[in-house]
Amino acid sequence: MTRLTLKQADAIAGGTLAKGKELGLAPLTVVVLDAGGHAVVLKRDDGSSIMRPELATAKAWGALGMGFGGRELARRANKAPGFFAALNSISDGRMAPVPGSALIRDGQGEVIGAVGVSGDTSENDEACLVPAVLAAGLTPDTGDPL
Amino acid sequence: MTRLTLKQADAIAGGTLAKGKELGLAPLTVVVLDAGGHAVVLKRDDGSSIMRPELATAKAWGALGMGFGGRELARRANKAPGFFAALNSISDGRMAPVPGSALIRDGQGEVIGAVGVSGDTSENDEACLVPAVLAAGLTPDTGDPL
Amino acid sequence: MTRLTLKQADAIAGGTLAKGKELGLAPLTVVVLDAGGHAVVLKRDDGSSIMRPELATAKAWGALGMGFGGRELARRANKAPGFFAALNSISDGRMAPVPGSALIRDGQGEVIGAVGVSGDTSENDEACLVPAVLAAGLTPDTGDPL
Amino acid sequence: MTRLTLKQADAIAGGTLAKGKELGLAPLTVVVLDAGGHAVVLKRDDGSSIMRPELATAKAWGALGMGFGGRELARRANKAPGFFAALNSISDGRMAPVPGSALIRDGQGEVIGAVGVSGDTSENDEACLVPAVLAAGLTPDTGDPL
């Protein structure tokens, strides 16, 4: 198993924010967690609101916690709302089952971390992280086929 | 960026309660937070029930946390109830997505705080805070156009 | 039993902050709770740091919680540090056993609320609240004889 | 009052980690918070252990919460251990009263954020953040004179 490095995480975070600016999105916050769910890099752009760090973290942490990217979490939450209400408590508020997150996989397909983004619509949040993970030479698993 | 002063916050809180009395509403509680979500002034009128401070705070904090006034939060919560259930946990119970709150913007449009009101209907709560913020020379952003 | 009114609580909070300015103290935060430990008025002066609301609340709440003013709480905490460490958890972080708080008693000696102040030294915090409670026609019980 | 920008916070975080490498220190984690105590940038270097993000955050948050840099918090904690045990609870575990943090002041002396560092000794942690804040054109207030 490869270990996600600060250099990679910093590139993913920076690339995500740059993509958001390129697309003219609302100010974003991005969090990159390692495989254990612990923050490696967080960046909150100027004007991104005060709960965005917790929300981006919950997108990434929820993906790691259950082992699915945000798209798949969102589908499951729609089918089983009571279960996901329980997961809110079980995870102590670290679960946001919406698009805008991805597991980060290495060349062998192993999960080495996750990234969560918040600030614009969930779809736009996701559109920023995917190219940033790819540019870092890693594979984003959003819960949908690439 | 201006910093919200105690004098401004006190005027907003006092003006909100005065408007409630003028309209003959139920006893209100009003909380004014700074841009970081920390209380500057809280006032609970005689007879306003004991959870009103937490509820008014959650209205104001939720607006700051997500960067939208209560009207917009309410619309989003209606469309995405599962996501807002997650936000309840992520925010540790500081998110009340109903009308009765406003971001407070300065002359440049920057968010310098938020106000939350609880005690009567959400619409009546909001009707009291809007003139109070305007009278303080600031702009209330309820999530709807003024 | 008299019920503490918003008018009285507002006078106590305003009087406390005015006394702090008169004495040239650091910026203060003052919280006035009713007999049930629920906030009636909170005021944080410009420049008073961001945890002061929680700290002033914990001074007042701790006094109500145990039924002693801050001076007596401080003496007991010094004698029984392990017990007060437990009280930190038991009170869910609403206990600050230091001077700078007082039970508020009415003309019959009944506890109708409490006030907590934070921002300068504990002794200076207390020096501001005592005259403010007296000026409101009520009796401050700091845990020491008046 | 200036608002701390992502650009400034990123420079402070990057400069702190670079200084740690230059001095041959253990792997560091650095967190830069805005004036409201909300994360702007977090960076955890390769090999920095998993609680470092929470610890660096608690160093910075505690400084903002009380309005003193880590050196002054450490002095006060040594004099009043029971009070700081209470503050642990009051702050919900966001208070680490040791060196290795600084308030960040702008040219007018206003607090616009804070930085916390963890990973090596508290003194070494601090030695990394001071030049990084200065290089960003801002003033670090560690609780001791510069």
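Note that the chains are named A, B, C and D in the order they appear, and that numbering of residues resets to 1 at the start of each chain.
Convention: contacts are C-beta pairs under 8 Å (C-beta built on N, C-alpha and C of every residue); 3 or more make two chains touch, one makes a residue touch a chain.
All figures in this text were calculated on a predicted structure; none of them were measured in a lab.
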From the options C-D, B-C or B-D, the pair that copies A-B, where over half of the contact pairs coincide: C-D
What whole-Å value do you get for the distance between chain C and chain D if each is reduced to the mean of its CA atoms? 30
Please compute the C-alpha centroid of chain A, do the same for chain C, then give the distance between them in whole Å. 44
Just the number, please: Cα centre separation of chain A and chain D in whole Å. 26
Can you list every residue of chain B that touches 2 or more other chains, as numbers and ranges? 3, 35-38
So, with touch as defined above, which chain pairs make the list? A-B, A-D, B-C, B-D, C-D
Name, in rising order, each residue of chain C that touches chain B in their complex. 3, 5-6, 10, 17, 36, 38-46, 50, 53
Contact residues on chain D for chain C in the complex? 35-37, 64-67, 80-83, 85-92, 111
In the complex, go through chain A and note every residue touching chain B. 48-51, 54-55, 58, 77-78, 81, 84-85, 88-89, 91-98
Can you list the chain D residues touching chain B in their complex? 1-3, 34-38
